[in-house]
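The structure follows.
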Amino acid sequence: TMKLAVTTSFHNSGLSDVLLPVILEDTGLEVQLLVVGTGQALRLGEAGDVDAILVHSRAAEEAFVAKGFAPYRREIMYNDFVFIGPQSDAAKIASAGDAADALTRIAETEAPFVSRGDESGTHKKELSLWSAAQLDPAQFGSWYKAVGAGMGASLNTASGLDAYILADRASWLNFANKGTLALLFSGDPALFNQYAYLPIDPARHPHVKAEAQRTLEDWLTSPKAEALINGYRIEGTSLFVFNAEG
Amino acid sequence: MNEIWAGMLAAFRLIVTLDADLVEITLRSLQVSLSALVIACVIALPLGTWLAIRRFRFRRATIATLNALMGLPPVVVGLIVYLLLSRSGPFGVLGLLFTPTAMIIAQVIIITPLIASLTHQAMRELWAEYHDLLISLNTTSRQRIATLIWDGRRALLTGALAGFGRAIGEVGAIMIVGGNIDHATRVLTTAIALETGKGDFALALGLGFVLIALALLVNFAIHTLSRTEQEGTW
Amino acid sequence: MVDASILVALRDTCVKRRGKTILGPVNLDLLDDGFTIVLGPNGAGKTTLLKVLHGVERVSSGTVKWSVPDAVARQTQAYVFQRPVMLRRSVRQNLAYPLKLVGASASDIDNGVTFWAAQIGLTEMLDRPATRLSGGEKQKLALGRALIRTPRVLFLDEPCANLDGRSTREIEGVLQRANAAGTRIIMTTHNLGQARRLASDIVFLLNGRLHEQGRATDVLRAPQTPEAKAFFQGDIVE
Amino acid sequence: MNEIWAGMLAAFRLIVTLDADLVEITLRSLQVSLSALVIACVIALPLGTWLAIRRFRFRRATIATLNALMGLPPVVVGLIVYLLLSRSGPFGVLGLLFTPTAMIIAQVIIITPLIASLTHQAMRELWAEYHDLLISLNTTSRQRIATLIWDGRRALLTGALAGFGRAIGEVGAIMIVGGNIDHATRVLTTAIALETGKGDFALALGLGFVLIALALLVNFAIHTLSRTEQEGTW
Amino acid sequence: MVDASILVALRDTCVKRRGKTILGPVNLDLLDDGFTIVLGPNGAGKTTLLKVLHGVERVSSGTVKWSVPDAVARQTQAYVFQRPVMLRRSVRQNLAYPLKLVGASASDIDNGVTFWAAQIGLTEMLDRPATRLSGGEKQKLALGRALIRTPRVLFLDEPCANLDGRSTREIEGVLQRANAAGTRIIMTTHNLGQARRLASDIVFLLNGRLHEQGRATDVLRAPQTPEAKAFFQGDIVE
């Protein structure tokens, strides 16, 4: 067995439920998932409490590797972020040109917007989009709600408030409490969301299971994984694009 | 381990600098938990006492149920309150979701069974002692309850403090119904959960120590207040 | 069934606890006035009888019928328990409590407390916590608290057990005056001298049964049953 | 609102089909919470009783602190236990992190102050009653504590049940130290939190109802057991 | 200071509660054998004196010196409280409790319980919960529980207050036999007849002070102070 820390957005997508049984079958490796916030996942890795992490926050990952906690990061796949909002779409973001335009429209109408506010990969992406739109969330009024919670909890809040929110597509499709929310905008390449696998350096934490790390990495980058990841669909939509280099 | 020291340092720094955010969420924590405590006491003290003095058919079952409700999972309470208060729920029009009021409602539901159970337990002994006298004096139920609550107030204090402790440390329910919205419904516990998720354990611990200090403060204050007054009576 | 001069009538009254009959069946009529002393050895059921009459002890079978409706009867009765129950309050608050319950005015309460504190000799202890009183002081307080609403019927369960000679005589005086003023008194005691001094009629219990009842002079001077005779001589009663 | 019905239906379906996962996490919930309860009682009952019978300099302060510790925020307890058990923490070599043992440790820390406070409260009255006799009989401290615990067991039951309730419904701490790993450390509350995050309220509520049913079951069982034995004594 | 035949000596012993002196200063020597009866009106401080001697009541100033080390003295004493304390257990377990504490064997406990239950006349009630006994039965149980370890010194605080005539005489017999067998007894009572029957010496308290002490025959027949004289005649004592 090995322990893998993953982010809530990855787990909520449901992909892990497809992959883990196959991994067990193919390699005999039981992967135990710890579903936590991005920051916490990195901390678990630093402390050596997990054997590997799978997150989507490039800058933080690179810093993690630079500090020597992981020997390298390996990109596995990506999915994309989407803008969710009330079906009435007061800010008319459905017809926005790109992600920055969508955000500008929301800011102009001051329609309620829920931000993860937890420094997760998703949150960091949102912040970078705001700055691309040349807006500073720190200046926003009370329509901008930083809820400081995981993806699912934030979606629940957005659903309760009929607010706009940035979510990853997988979490959104798997989310059951949609209420009056709908997917309003997607497709801007700026919204791509790269997942990477980081094995913890056994030189630093001798107890981590180096062999299991390798087995999992090999499997995740194998053609079998490719087929499963690319083939994973919810409501007919494919979610992830496998992009590991062979 | 270093984190624990770092946490203490963080707590110290936050308190010494009177960090504005800290003051805000601390006051909100207190406001929510104390409001919930007062409301829960108003319900639970008479209810628990009434259960102690009243013999009726399903008394044992009622008490066992009340005891079981002490184990109400906060997350479930949060969910139910969320569903009731959400826009599409029956009380949606009140617009209470994601407000401190919603948090108070959830906490009242969580701590009322606890306080009522403990009240029942404490009042049972006192009722055994007073039973004959109060029956003999031909008191009404209301008078009995008032007398027991007043004369047993010391014992009830522990129950109320247990309720307060549970409320102030609770996070599952208020996260769902409050939403942990910055400057609106963020309280100490939800802030701690947030910092934990961010991996900023030092800050999380720092906030935790502030919360524990707050609980200590409230308890010492109550003990000091109740002491002056106790001397005279029991 | 209950005629005018009868205050309360017990018919086949039984009290069972844990499958054992601890009182009864008892058939007993108590008249409208007088000073009844209930006698009997330890465990005879005296306390149980008084509690049944007062209605604080449940009856297992049979009836207790007061000449007035139960609710009225209960309002005008008072009881001094064998082991006095002290509210965890000051002596003053203990005395005031029965008056507070009926919503008496503050000045009435003050007057009542002052008067009865003097009667029972606790004036100087009004602000002490009642739970800290000595054994005898507790009994006196319980007595004052029972009398403060000037009850129509007063039950006393060995009210002088822990009192010294002087207090006993003073309390006897208080009781006789209350009795003369119209309070019906039903009292137990193990002090036969006290029974002689106070009783207008006697109820003698043995093993939960009513053994003998009658005018005090008759019963005490010439008991009908050998058991009662033996008891009054302080002899062995089986 | 519909969700609440859906939740009941989900609970019903889960129970009727004896869903294997449900059985597993339910048993783990019970195992963790009951173990924590037993350990906490072994510590808290003597401790609380000892506090009730012992007069010492900082007694009031100790009791106020104990009462305050009832408000220990679970997330903070979880964090501290995490830091202690983490590979880079002092007890890392034991490899206890993300095991049921770690969850039990966290829960023991959370419920021990609660049970000890309630024990202290309950035992104070009994001690006032027994004080003279036990002093007179020249009992040792140990004998006093044993006598009080035995004769006051009915009152202590409510305290223990309050502790159980808090343990079985708790999620913040065990999420951090247990990790909510499927088939290893997932319990009812963490599963509920998970489903809530997915927005699957029906399933979350269903699990919640199962949890509440479990708490009811345990309470009724304990009440029934303790009843047969009470009759004889008090 | 303590000579061989003196069992316990009080020197300037005071008990203060809430700023009021409720006992003392008392200077008192009790000899190694005898049957001491402590007399005095309600609130005189009798209970307090007994508790101070036994060590269950804290002394505010002054000393209590036993002829043997305190720890030894405490082990061989027993006390029957004015308001008997019943363990919430059966009568049998109440009786057995003091023996269990000292780790007596099961058969010793059984024999002790059987013997003392018979002595106090509660044999038939061994399996009842003690808290449900009648007032007199509780007192008898407390007495049996105090005697079961055959104490060297026995304190009794109005042990016969709720007992009927026959029980009183039986208990007096038990006490006299224990006394003859070497148990030092120190007892309070409000029953002067009982004092006359039992006492070898008398301690008379008034308002927390020791007023008179001496051989029973002397004190009872010819009290030195007018207050004691008045008290023995049941008169008003101020």
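Structural remarks
Residue numbering begins at 1 within each chain, and the chains themselves are lettered A, B, C, D and E in the order written.
Keep this in mind: a residue touches a chain if its C-beta (ideal position, glycine included) is under 8 Å from a C-beta of that chain, and two chains touch if they have at least 3 such contacts.
No experiment lies behind these values; they were computed from the predicted model shown.
Shared contact partners of chain A and chain E, listed by label, are D.
Per-chain CA centroids place chain D at a distance of 47 Å from chain E.
Chain A and chain B have Cα centroids lying 36 Å from one another. One simple way to say how far apart two chains are is to compare their mean CA positions; for chain C and chain E this gives 28 Å. In chain C, no residue reaches two or more other chains under the touch definition. Touching of two or more other chains is recorded for residues 88, 176, 193, 196, 201 of chain B. Taken residue by residue, chain A touches two or more other chains at 36, 150, 153, 156, 159, whereas all remaining positions touch fewer. The complete set of chain-chain contacts reads A-B, A-D, B-C, B-D, C-E, D-E.
Chain E meets chain D in the complex at residues 51, 54-56, 74-75, 77-79, 81, 85, 87-90, 97-98, 101, 129, 131. Those residues of chain D that touch chain B in the complex are listed here as 1, 3-4, 60-61, 63-65, 67-76, 78-80, 83-84, 89-90, 114, 117-118, 120-122, 124-125, 155, 158-159, 161-162, 164-166, 168-169, 171-172, 176, 188-189, 192-193, 196, 201, 204-205, 208-209, 211-212, 215-216, 218-220, 222-223, 227.
On chain C, the positions that touch chain E within their shared complex are 17-18, 40-43, 47, 82-83, 128, 132-137, 140, 157-158, 161-169, 190, 192, 231, 234-237. Touching chain A in their complex are the following residues of chain D: 86-89, 92, 95, 97-98, 179-184, 194, 196-202. Partner chain C is touched in their complex by these residues of chain B: 129-133, 135-139, 143, 147, 151, 232-234.
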